[in-house]
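Below you'll find the structures, each written out as C-alpha cells.
First chain A sits with chain B, and in the next complex the same chain sits with chain C.
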Partner chain A sequence: MRYIAQKLGLFVLTLWAAITLNFFLPRLMPGSPADAAIAKLSQNGPVTEATRAAIEAQLGVPTGSMWDQYLSYLHQVVTLDFGVSYTFYPQTVSSMVSTALPYTIGLVGVVTILAFVIGTLIGVAAAWKRGTWLDSLPTLTGSFLSTFPYFWTALLLLFFLGYVLHWFPTSGAYAATTTPGLTPAFVGDVVQHAVLPALTILITSLGGWIIGMRNTMINTLGDDYVTFAEANGLRGRTVAIRYAARNAILPNLTGFGLALGGVVGGSILVEQVFAYPGIGYLLFNAVIGQDYPLMQALFLMITVSVLIANFLVDILYGVLDPRTRR
Partner chain B sequence: MRFHVSHTHTHHRWKALAFACLTAVALAVSGCSIQITSQPDPSIGEDTMLINADKGNPLFDRNFNPYMTNTRTASRWIYEPLILINPLDGTETPWLSDSWEQPDATTIVMHMRDGVTWSDGTTFTAKDVAFTLQLIEDYPELDIYGAWQHLDSVSVDGDSVTMTLKSEDSPALAIIGKTMIVPEHLWADVEDPATYRNEDPVGTGPFVLGNYNDQQYSMDKNPSYWQADKVEIEHLLLPSTNNQLDTVTRGYDWSYSFISDVSGTWGAASPHNKWWFPNAGVIGLIPNNEVAPFDNVDVRRGIALALDRQSIADVASEGYMKPAGQTGLILPNQEKWLDPRIPNDGIVEQDTDAALEAFARAGYTQKDGKLVGEDGQQFTFSLTSANGYSDWTRAAQAVQRQLADIGIDVELNMPQPAGYQQAISNGDFEVALGGMGNGDVYQAFNSLMSSDFYVPVGESTSNNFERFRSDEADRLLREFRSTVDEDRQRDIVNELQQLVYDELPVIGMYYGGSWGLYSDAKFTGWPSEEDPYMIPQNYDSAPLLTFTKLKRVTEDQK
Partner chain C sequence: MTSTQNVRIQSDRTGDTIAAPSRWRAVARMVSTVWGNTKARIGICILGFFVLVAVLAPFIAPYSAKDNSFERNADASWAHWLGTTAAGEDVLSQLMYGARISLVVGFAAGILSTIVAVLIGLSWGYLRGFASEAVGFVVNLFLVIPGLPLMIVIAAYLQNGGILMIVAVIVVTGWAWGARVLRSQTQSLRGRDFVTSAQFSGDGSTRIVFREILPNMTSLITGSLFGAATSAILAEAGLEFLGLGDSSIVSWGTMLYWAQNSNSLLTGQWLLLFAPGLCIALLALSLTLINFGVDGISNPRLREGKGR
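Moving on, here comes the complex of A and B:
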C-alpha cells in the first residue's frame, strides 16, 4: 500500500510540473498566433493593417499578464474547457480533440498493441530457437526496417501501394462519398483507409519489440532456474513461456506502457503523410499556427496519459516482480 | 560453442539479407522515376469542374461566413463583391455595382445592378449594401479589407449608395469595392456575426452549395444568377486535398500550387494539363533603414549592384520567374504605369565596380578579398528569412554566395514563419527577405513607403517593414489620394518610381508567381499570358470572373 501511495504522490507532483511546463513552453516560441496567421495569409499577397486587426480580433489574442493567463489556464485545466482554437477558429478545442481522438486511438492504439504482441511473440520464438533461421530472419529484417525513418516508409508505401498499384486509398480516414456512422460500409471503409498508415507504424516499430524481447530472453535462458526447469523435463513451451518469457518481458512491458501513453499523441509524420484526421495532424497544425489553446489541450492530454500509463506500469511491475515492491 | 557457430551463420545471412535489402532500396529509388499520370474519376461528369482549392485540416469545418479567415474557399464564390479586382494589375470589373462615380476625392457613388436576386429568390437591393457596410463597422473583426479605415458614412438613395470618405482618398474605391455583400433579410437576425458559421449560405453568386460532407463538397449552378447565360459549368466539386501527388493524379481541372519541375510532373501527367505563372509580387531584400549601416543609401545601393538577379531568380524559382526591377512595380502587369525615363525597365544589373564604389562612399573598402569598414572589421550582417519557404531559402543562399564574392559575410537567420513575421513586424532584423508589390499601384507604393506605417524598431507594423521615412514620398502619396485624374496620378507614380529607384528603401530581386495549374480537357478559355483577364488563383473572389469566361469543350472539339 505504501508502495502505491509513494507512486501516487510522485504522480501528482510530476503532473503539476508537466501542466506548468505545458503553459510556458508554447509561449517561449517566437511570434504570436496572429503572426502565424498573417505569415500564412501573406504568402498569398500583402496583408494590410486592417486585416491584421481583424485577425487579432477574431482570434481573441491573449491579453493580461502571464500570471493572469496562467491562472485562467489552470482553471481551464480543472474544468477541461480549453475554449476556442486559434488556427481553426471558431471551432472549440474540445470538439476538435473529440473528433480526432477516436481516429488516432483506433489507428495508433490498435497498431501499437498489435506490434507489441506480435513483436514480443516473435522475440520469444527467436530467442528460443536462437541460431536458426527463425532467429536471424525476423531479427535482421526487424532491425533493418526499424532503422527506416517513419515518414520515408510512409512515403514509399503511399507511392507504390497507393499511387502505382492503387491497392489502397491514399489519404483520409474514409472515402469522401461514405457517410460516417456505425454501418458496415463505413467501418469497412475506415479499415481500408487505415491499412497503409497502420502498415507504416507496424513495419517501423516491430523490430524494436522483437529485438528487445529476444535479447533479454536470451539472457534469462542462461539462468539456472531455466536449466532446472528443463532438467525437470518440463515441456519446451512451458519453459519458454512460463519461466523464461515471463521474466524477460519486464523491459518490454515498460516500453509498452510508454508507447501506450504516447498513443494519444498520434503519429505526427504518419498522419501528416496520409492526411489522417487524428491527433498528430492536429498537433502539427497547432504548433505551426501557435494555437496555444489547442496545443495546451493536446500536450496536457499526452502528458497525462503518459503519466497514467507509467503509473499503471509501475503498479503492474509490482505485481509481476515482487522485488520492486520492497 | 553453439553461440559461436550460430554467429557465423548469422554473419552469412547478414550479408545475403543486406544485399537483398539494398536491392530493394535501389529499386525503390529508381521507382521515383515512374511516371505518374492523371486519372480522373470517370463518374465525374463533363459539366462538372473538379477543383483543388480548399485544403481542409484535413477535414472541413462547415463555415461559409465569407468574412472569416477559416471560411470555406467557395463562400467567396457565393457572396460577391461590389467591384471585382484583378490582383495582377488592379483592373476593376463592375460586379454587384454596375457603375460608379467619384465626383471628388472624398465621395464615391455606386449604382447597384438591376435584376440581381439572392439564391432564395429575394431581390438584391442597395439596402443590402448599406446593411453589410454597417455590419462590418459594428464588428471590426469582420472588416478584413479595412473599409472603415477609409469610410466616414454611407447613405442609400434608390439603387445608389453614396459613401463619404474620411479624407481625400481616391484609391479607397478599390478597397471598399472588395466588400462582399450579404443579405440583410437573413443576416439581420444573426446573433453574433463574428462567430457565425453560416452553414446554409444564401448569396448572389454563380453557385449554390450542393452536397456537403467533411471531406468534399459540391456546388451547383445557380439558375437565377444574374449572368447565368455566361456560366457553362453546371457543378463544382471541391475535395479536401493535401498533397501534390493528389494534385497531379486526381485529374483536377483547376489547381493552384507551386510544383517542382512542373512540366515533368503536372505537365507530363496529361496532355491537357497546362499552367500559367504570371508575376504576382516582388521578392526582394528589406534592409532595416533604422539599423546602421543600412540607413546609408550607398550601402543599400552597393548591395543592389552586387547582385546577379537572373541567377537568383533561376535558382530560387527553378527558372520560372524573371528578375524584378527597382521601381516597385510588377511588370508586365503594371506596364502602363512604368516611367519610360527609367532605364532597362528598372532592372539593376550586376556591376561589381559600381558596387565597390558605392561601398567606398559608405566607408567600406576591399582588403584581402574582404569588405572592411572604417573600424577594420569585415562587413557582416544577418539575413532573415522564413524557415520552410524553400524558394526564399534558395534565394537567400544565392544572395549569401554573391555577397561573399565581394567580401561581405552574410549569416542566414531562418526562424519559423510566425517568428519571421514577428521579426519583420518589430524591426528585429538587419536585412530580411520579403514579398512586396501590389496590383493596385497606389497600394503598392503606400504600403512600401508611407510613414503612416512607420514605427520605430521594437514596435509592430504591418507594412513598410524597412521603416522608410521620406517627406517626399508622403507628399506624393497624399497628392495621389487627392486626385481622381488618372493623368495626374501617372505623373505622381513616375515620381514615386524614381524615388524607389534612387533611394532603394527595398531591393527588388525577382518576381513571385501566381501558380495556376489548369486542364483544358473539359473547359477552355483560361486566363493566360495572351489573355491575362484575371489572376489564375482559385481562391478569394478572383475565380468569379474566370467562371464566366470558361467554355465547355464540345464533343467535336475533342
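Moving on, here comes the complex of A and C:
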C-alpha cells in the first residue's frame, strides 16, 4: 500500500510538472501566434493597430498577469476545454482530440504490448542459446531493424505492400464507403487499414525488446540460483523460463514504460505517412497549420497518456516484485 | 593498515613501480577492446565509409547536389545511378552531400547532450538529500515526456530555425537518458575507497567528481555518446521528414520529405525512397554496432575474441 501511495504521489507531482511545462513552453518561445499572423499580413502592406487588436482578440491571445493566465489554464485543463481550433474552425479542440485518440491508443497500445511479448520471448531464447546462431541472428536483425527510421519503414511497407502488391489499403483508418459503427464490416475495415501502420511499429520496435531482454537475461544466467537450478538437474526450459526469465523481466518492464515515449513519437511519423487519423497525424496537421491551441492540447494529451502508462507499469512492477511491498 | 603500506608491499613483491598507466595506453587498450569485437569492427568500417564520403563529397559526387538541370523523375541510368528527383537533381550526389548533415548534426547533438548528461548525471550522483531528489525529479520528467512530440512542438514554435535549431532541440530533449545511466554509476563509485581517500585529503567536491570519478566512467560516457548520436541522427531525419527543419538544405531527411511530397510512391521511384532511408539506417546501425564493442570495455562478459 505504501508503495502504491508513494507512486501515486509521484505521479500526481509529475503530472502537475508536465502540465506546467506545457503552460510555459509557448511563453518561453520568441514571438506569438498573433505575431506570426501579423507578419504574414504585413507582407501585403502595413498593419494598423486596430487590425492587430482584432487578430489578437480572434486568436484568443492571453491577457492579464502570468498568474491569472496560469490559473485559467489550469481551469481549462481540468475541464478539458482547450478552446477552438484555428485551422478547423469552428470545431473545438477537445472534440477533435477525442475523435483521434481512440485510433492512436488502439494502434499504439495493441502493437506495443504485442512487440513487448514477442520481443521478450525471442530475447529469452537468444540469451539461453548464447553464442549460437539462435542468438546472433535475432540480435543482429533486431539491432538492424531498430535503427530503421519509423517513417522509412512506413514508406517501404506502403510502397511494396500497398502500391505494388495492393495487399492493404494505403491511407486512412477506414474506407470512405463504410459507415462508422460497431458493425462487423466496419471493424474488419478498420483492422485492415491498421495492418500496415501496426506492422511498421512492430518491426521497428521489436529489436529493442529483444536486445534489452537478452542482455538482462545474460546477467541473471550468471547468478547462483540459476547454476543451482541447473545442478539440480531441472529441465533447461524450466530453468530458462521459471528461474532466469522471471527475474530478468523486471528491469525490462521498467524499460517498457520509458520506451513507450519513443514508440509514441515514432507513431506520429507513421500516422503521417499513412494519413492515419490519430493523435500524431492531427499533431502534424496542427504544426503545419500553426494551430497553436490544438498543438498544445495534443502535446498535453500525448504526455499525460505516456505518464499514465508509466504509472500503470510502476503499479504492475509492485505487484510482480514482492520486495517493493515491504 | 594504511593504503600506502599496502602499495609498497605489493610493489616489492612484483618489482614493478606503481605508476598511473599512461592515458594514451588506456585509450589504446580501449580501442583495441572495441576493435576486437566483430560487430564493432563492422560498425567502425561503416562509419568510416560514411565519414569518407562526407568529407570527399565535392570530389567524388558526380554532380553538384543542387544542380537541377537534368531530366525530372528519371529512373536509374548510367548518367544518374540512382535516378533524379522531381526537381531534376541527381539522387546519388544528394545522397553524398546529405551524409555531411547527418554526421554533423548527429555528432554535434550527440556530443552536446552527452556533456549535459555528464554534468547533470555526475553531480546528481554525488549530491545527497533534497538536492539529489530535486534533480532526480527533473531528469525523470524529461525521461517520461516523449521526446519527438516535444521536439515537434518546440520546432513548430521556432519557425524555420534550420540546422542549429534542430541541434538545440535534440540536445534539450535528449540528455536525460545518459544522465540517469551516469548517475547510477557515480553512486556506486561514490562509496569506493579512492573517493573516500580523496575526501580525506581535502579535495573539493568538483575535483572529486571530475578528476577522480569521471575518468572511471570513460566507457560508459563513450557508450552514451554513441547512443545519443544515434538518436540524434534519427530525430534529425524525422524532423526534416516532417518538414520542420530547413527544407532547402540537402540532407537525407529532406530528400525523403521531397520524395514523399512529390509523390515518388505513385511514380514508382522506389530508389528515391529506399536510398536515403537505408543510409540513415546504416549510419545509425554502425553506431549501435560500435556500442556492442564499447559495452565490452566495462563488462568483460560481453567481450569477444582475444580480449575476453
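Basically, the second predicted complex is superposed on the first by the 255 of 326 C-alpha atoms of A that agree within 3 Å, B and C clash if a C-alpha of one lies under 4 Å from a C-alpha of the other, contacts with A are read in each partner's own complex, and residues count from 1 in each chain.
Please note the rule applied: a contact is a pair of C-beta atoms (placed from the backbone, for glycine too) under 8 Å apart; a residue touches a chain by one contact, two chains touch by 3 or more.
Since the structure is predicted, the reported quantities are computational estimates derived from the model, not experimental observations.
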Touched partner set for A:Arg52, first chain B, second chain C, both or neither: first
Touching partner for A:Leu156 - first (chain B), second (chain C), both, neither: both
Partner chain(s) touched by A:Ala229 [first = chain B, second = chain C, both, neither]: neither
Partner chain(s) touched by A:Ile249 [first = chain B, second = chain C, both, neither]: neither
Partner chain(s) touched by A:Ile38 [first = chain B, second = chain C, both, neither]: first
Which superposed partner A:Gln290 touches (first chain B, second chain C, both, neither): both
Contacts of A:Met29 with chain B and chain C, given as first, second, both or neither: both
First (chain B), second (chain C), both or neither touched by A:Gln91: first
Intersection of the chain A residues that touch chain B with those that touch chain C: 29-31, 36, 140, 144, 156, 158-160, 163, 273, 288, 290
Footprint of chain A on chain C - complex, ascending: 39, 137, 140-141, 143-150, 152-159, 230, 234, 237-238, 241-244, 256, 260, 265-266, 268, 270, 273-274, 276-278, 280-282, 284-285, 288-289, 292, 301-302
Touching residues on chain A, where the partner in the complex is chain C: 13-14, 17-18, 21, 25-26, 29-31, 36, 140, 143-144, 146-152, 155-156, 158-160, 163, 215, 218-219, 222, 257-258, 260-262, 264-266, 268-269, 272-273, 283-284, 287-288, 290, 295-296, 298-299, 302-303, 306-307, 310
In the complex with chain A, residue positions of chain B that touch it: 2-3, 5-6, 9-10, 13-14, 17-18, 21, 28, 31-32, 34, 36, 57-59, 61, 63, 68-70, 87, 140-147, 149, 194-195, 197, 213, 215-216, 239-243, 245-246, 249, 280-281, 386, 389, 415-423, 425, 435-438, 443, 447, 453, 461-463, 537, 539-540
Of all residues in chain A, those that touch chain B in their complex: 29-33, 35-55, 57-58, 87-91, 99, 130-133, 135-137, 140-141, 144, 156, 158-160, 163-164, 170-172, 174-177, 179, 273, 275-277, 281, 285, 288-290
